[in-house]
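In what follows, structures are represented as structure tokens.
Common to both upcoming complexes is subunit A, partnered first by subunit B, then by subunit C.
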Partner chain A sequence: MNPIFKFFASLRLTVVLLAFSMMLIFFGTLAQVETGIWKTQKDYFESFAVVWSVPEQAVLHDALFWLHIPMPGGYLLGGLLFINLIAAHITRFKTTWKKSGIFLVHLGLILLLVGELATDLLSEESQMPVDEGGRSNYSQAFRDNELVLIDRSHPDHDTIHAIPSKLLKPGKTIEAPGTPLSIRTVNYYPNAEIGRATNGQTADSPATQGAAVKMGIVVNPKEEVYSENTINTATAYIEVLSPEGSLGVWLVSNVIDDRFPPQMVSLGEQSWELALRFARHYHPFEVELIDFKHDKYPGTEIPFNYSSEVMVHHNDSSKNQKALIYMNHPLRYEGLTFFQASFANNDKTSIFQVVRNPGWVLPYISVLLMGLGMIVQFGIHFVKFLGKRSA
Partner chain B sequence: MKKLIYILVAVVAIALIGRELKPTQYESDFDIESFAELPVQVGGRIKPLDSVARNTLLVLSARQKVVNPEGQALSPIEWFMDLTMRPEVADTYRVFKIEFPDDLGFAGLAEQGQRYYSFNDIQPYFNELHELYKEVNPEPKKRSPYEKQIVDLNQGLMLYHRVMHSLHPIGNAERLDSLVDEYATYKSIIGPGMAELRKQQAGEAFDSKILNGFIFFGDEYLKLSKTAHLSVVPPPAPVDPMEDWKNIGLELLDVMKGEGLSPYVTSYAALTMAYRLDEPETFNEEVAELRQRFIGDFPTHIDRVHFERLFNDTQPFYLSMQLYVLVFFMVCISWLCFQKELSRCSLWVLLAAFAIHTLGLIARMYIQERYGVFVTNLYSSAVFVGWGAVLLGALIEKFYKNGIGAAMASLVGFCTLIVAHHLAMSGDTLEMMRAVLDSNFWLATHVTVITFGYSAMFLAGALALVFGLLGIFSKRFNKETALALSGMVYGIICFGALFSLVGTILGGIWADQSWGRFWGWDPKENGALMIVVMAAIFLHARWGGICKERGLMALAICGNIITAWSWFGTNLLGVGLHSYGFTDSGFLWMMGFAISQLFFMGMVLLPWRFWRSEFGQANSRKQRKRILIAAEASETEA
Partner chain C sequence: MATKLKILSACYLTGVTFFLFGCDQAVPTAYQIPKETREVNMPMPDAAEKQAATASSMNVLPGMQQAADAAGELTYKTPEVWTEMPASGIRKANFRIDDDKGSAELTVTVFPGDVGGRLANINRWGGQVGLDPVTPDDLPTFTESKTISGHRGIVVTLKGETDSILGGLLPFHGNTWFFKLQGGTETVLAAKNDFNTFLDSVTLPDTHH
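Up next is the complex of A and B:
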């Protein structure tokens, strides 16, 4: 047999890869203390290689700051394990009843890896806050931002031109489709602290229009943060260009939101609202929150139940649906899943986690396969063992 | 001789069981049992006062008994009665545990060899303690052991003070002896007092004597409502079980709003007076009346409350812990002499201990009304890990009948119950579950299965340890035993792999159901996955012949580290959704355990020539022969 093929099919490789996986998982757990789950996941499990070093706030940092441990990342290990498994099945495995359990376990494992990859690549998570008695037809991301130009001239609906913040590279000019305008990014900060210029501090800002000029706002760039429940204040200086030339530079930020008067860009008769905001996903339906409940165990502050009674109004009214969303009981609707995630505003606002994950059934199938496979395999072993003992 | 052994073991076992199962007999005319079953709402649940007394005492003294200055041991509820009703006496009981009294630097406090101090002992140093407390690092995780001791003592004193004020206002003896009159005066002064207050506010002439009397009560009860620790006053009938109970102070204050005073309040006052005047008959009548009122208001709760007191009293896990020790010793002796008799005895005692362990778990389910849910917090996971290991060990014993299964079952059972015992020091172990975790189905499946996986991994690790210890030190360890042992390790790891995998995946499904992510790389999830991977490494290494006996045993022992990491280590990180128990000294224990296991791994990896057993020596000879043949072969080639 081809030695390369033999190498990829060998059990020894399996064991080595598994050992590396364990190491990766271990350090990928430790790293979360410093960088939070989200970033660690990107660095360790959705990557090809990663280097671990002692976190700065750890007790041993002074003694071990030189220590850097390189290791293969999740995609690399997952990929190699996948190849290893396939190769092993091609070369060594004969389909016999005796091995059927192992075969099922491995098949389930493959599905699980595929499902996890699909989730990584395809799933979208966003949040939808709804007030009691109110309705919402969009959910918003909590890490991605978009620059929008909103045309509110139509009496029935608004027209929104959105540009993902990924495209906002300093110096780059982008045409805003469907408008005579184009925008040039003067500067973009993934996270920043913004506030009013205090006395003595000159508002050294490129802005020539809008809130930044009126209120004397200054921007201090900050490092991006990734820990749970923290948001990055994405901020940008945007120059809006008309065919005739520049209309000025505006400061936009996702904290300059509905609470502030809109920043308007005008060209002749037409005008647009300019804003940087968390990326929104619009849905063909509206979710109405009828009632939100937050119950506690008597005499304590320990939460006992969160639940939201909702009515979903679809553009196609035959799809309207009433539902109760509570812990461990999400609403699956139109390929989306709504989970009770949080609440705000003195229990008057309910926040749903909205997930689109086309691969969500794969783990369920793989679970069945693996569980069944293990039971079959160990069952065969066990029966044989009992037979040997009684013999 | 044989009979004698059976009789001896039976006597010891029955003595142990009898001592723990016998209900506490109170040599008192007061109906202490009934008092102990009076209800209180704590942590969202209705419990007997007995549980509160025990948990408070655990927090203060780290044990469940009090020794009074006369040297008599008091049960927690007797101490609680003195604390609330005769505080001047309770203040002389040594209930505050101070591990290093010298370190506090209070001149004259520390006594040689004494770790328990009474309220009266500490009282002269309150100012000094307060000064020290102000200096303590506000960040709890960064406190030194010295600072922790100061904080613990301070919090202990606070708790003591608040529990003392739970049943009625506390004052001098005169006040406590006339509580019923005090309430009567209070009720009669409310109307006139309010009238005078209105007059004062309207700027009219008013009777300052009545007004001041009224304001005095208002101030007193407002203070009491903030101090009283326990919610002992249920709402008036008809009762909704989800409604909040009040503490005594709040109930007294609310009388001003025109609500009647709850009869529970007056009953506790009458109780106290009877107790102080040493009138057991009146006391018992009042207790019986309180009890009847509770039964009337909460007809479905009385059985559970009664049962909880019995459960507290019997302490089944403590009993099974003692029996596991007995089993372990019997098995060890059986390897030296009386093999047949002692192994038979040890199996029976093991089964008895296991039965009691099981009953304890079922009792907890009944109290919490969560049938099928074994594990709700770190404490109960420790109890259940032991239970699972004993179950598997007993199965092994049934097949192999060589004592090893029983010995390791009892060892793991004992160790995990010790861990549980120490985890229980922080107070109530029957807590309510937060909303996200409150799902009996998932608690019963995911959590149970995964914890059973821990049991299997620990048992396999323990068996591998035995392999190493016997193989290296015991001459009698032969090939047959070696094969049997490695078979056991393999079988148990198969169990571990199955349960860890299924449990992990069930957890994924739960996560998918509750927040839309099958897998989130949360530390606890990662820990569980590491166990699965560990088991997979063991199995593949064995099937591929990559590791032989010594390597496999080292891997199985490594499983101990991985499992301990998954179980406790991940909680120490303090991130993620699963960190349900944080213990600081836990880190040192974790490190200690890991180092000890690394040492054992090094031990089983010793070359065969260091193995003194028959099995080890044979392997060593085989190896030498192989080397010789290889050397000869290369010589002839040359």
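Up next is the complex of A and C:
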């Protein structure tokens, strides 16, 4: 047998990979303390390799700051395990009735690996805050931003021209789809502090239009942060270009939001609102929050229940649905799952986590397959055992 | 066996490459959504309404209102033909001028700091009446210096095609006061003397002397 193939099919490789997986989970858990779950997941599990070092807050940091441990990332381990399992099947396993249980277990395992990859790559998470008595037809990302030009001139609908912030690279020009305009990114800061120029400080800003000029806003770029519940203030200087030339440079930021009057870009008779905001996903339905309940144990501040009573109004009214969303009871609707995530505003606003995960059913199927496989395998042995005894 | 291995690794690599680069591409998009209920100040053709829109589109950042409150109240005299409107928010005073040619509005505001400097503010006002930005060298043609409330300020005349602005800028103990008369060009220019008389009458609350 080809030695390389033998290597990939070996049980020894399986053991080594599983050991590395345990190590990855252990160090990934430690890393969460410093960088939060989102970045850890990206660095450790959605990567091919990662280097662990002692977190700065750790007690031993001063003594062990030089220590760096490289290890394979989740994609590499998962991929190799996948190859390992399939190679082992090709070489060692014969499809016989006697081994059918093991075959099912392995099939479930493969499906679990594939499902996990699909979740990593295809699932989208966003948040939907809704006020009591209010409705919302969109959810918004909490990390990704988008630059939008909104045309509100039509009496029946608004048109949104959106450019994901990933495309905002300094110096790069992008056409805004469906408009005669294009935008050139003068500068983009993933995180920044914005405030007014104070006495003596000159507003040294490239902006020539909009809120920045009116108020003398200055921008201090900051390091991007990843911990949970912290928001990066994405900020950019954007030059808007018409076919005849530049219309000016605007400062946009996701903190200059709906609380502020819109920044307008005009060309002839047409005008657009220009804004940088958290990327929005609009849905063909509205979620109305009828009631949010935040129950506490009597006489204490300890919560025992958060729940949101919602009514979903779909454009197609036959799909309207009422639901109660609470811990472990999300609403599954139109390929989306609404979880009770948080609340705000003196219990008057409920915040849902909205997850679109096309692969959500795969882990359930794989667990079922593995369970079934084990029952079959044990069943076969048990029957054989009984047969021996009676003989 | 080697072929099988090649097939396996090829499957793995294509799978991963496809997922990593195929699915996660960010592209600009355009789409329609149902009319949003948010109130938006769209540019309106009428001069008076345009002023209302411009004024209410003033963004108030935290701290700005406090600065305006701390700046105190000013005193002034106005010609009888001016209608005094209630001061609100960051506006310290507000007047309306109507004549047979049209209407104009005078607002007095105060902001901490230099609000981006003299040139930026003049260009901002110029933009509101459809003028192209100017350079520091052009400033003398638009501006003359004027003493307001015992301090040196400037007066700006920005003549646009349909709308014009007469403006006063006064740096005053770390704040900048803005006097802006904006409206139809004929109305604004006709009110020039009244505007200057008004500026002469202005006394700002001065706690530094």
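By definition in this document, the second predicted complex is superposed on the first by the 364 of 391 C-alpha atoms of A that agree within 3 Å, B and C clash if a C-alpha of one lies under 4 Å from a C-alpha of the other, contacts with A are read in each partner's own complex, and residues count from 1 in each chain.
As a working rule, contacts are C-beta pairs under 8 Å (C-beta built on N, C-alpha and C of every residue); 3 or more make two chains touch, one makes a residue touch a chain.
If you're wondering where the values come from, they're calculated on a predicted model, not measured in any experiment.
*Asks:* What is the contact status of A:Ala88 with respect to subunit B (first) and subunit C (second): first, second, both, or neither?
*Replies:* So A:Ala88 meets neither subunit B nor subunit C here.
*Asks:* Classify the contacts of A:Arg152 with the two partner chains as first (subunit B alone), second (subunit C alone), both, or neither.
*Replies:* After superposing on A, A:Arg152 lies in contact with subunit C but is clear of subunit B.
*Asks:* A:Phe260 in the overlay: touching subunit B, subunit C, both, or neither? Say first, second, both or neither.
*Replies:* second
*Asks:* Quick check on the superposed pair: does A:Leu372 touch subunit B, subunit C, both, or neither? Answer first, second, both or neither.
*Replies:* neither
*Asks:* Based on the superposed arrangement, let me know which partner A:Ser21 touches: subunit B (first), subunit C (second), both, or neither?
*Replies:* In the superposition, A:Ser21 touches subunit B alone.
*Asks:* Residue by residue on subunit A, keep only those touching subunit B in one complex and subunit C in the other, then list them.
*Replies:* Comparing the two interfaces on subunit A, one with subunit B and one with subunit C, no residues are shared.
*Asks:* Help me check something: in the complex, which residues belonging to subunit A touch subunit C?
*Replies:* The contact residues of subunit A facing subunit C are 1-2, 4-5, 8, 75, 79, 82-83, 86-87, 90, 117, 121-122, 137-138, 152-164, 166-167, 174-179, 195-199, 201-203, 205, 208-209, 211, 213-217, 248, 256, 258, 260-262, 264, 266, 271, 273, 282.
*Asks:* Considering the complex alone, what residue numbers of subunit A touch subunit B?
*Replies:* So the residues of subunit A in touch with subunit B come to 10-12, 14-15, 18-19, 21-22, 25-26, 28-30, 32-33, 36-37, 40-41, 44-45, 115-116, 119, 125, 295-300, 302-306, 327-330, 337, 339, 341, 353, 355, 357, 360, 363-364, 366-367, 370-371, 374-375, 378, 381-382, 385, 389.
*Asks:* Quick check on the complex: what are the subunit B residues that touch subunit A?
*Replies:* 41-45, 231, 241-245, 399, 432, 434-436, 438-439, 442, 491, 494-495, 497-498, 501-502, 505-506, 508-510, 512-523, 526-527, 529-530, 533-534, 536-537, 540-541, 543-544, 546, 562, 565, 570, 573-576
*Asks:* Which positions of subunit C touch subunit A when the two form their complex?
*Replies:* Counting only subunit C, the residues touching subunit A are 1-2, 4-5, 8-9, 12, 15-16, 19-20, 23-24, 26-36, 38, 40-43, 56-59, 61, 63-64, 111-117, 120, 123-124, 127, 133, 174.
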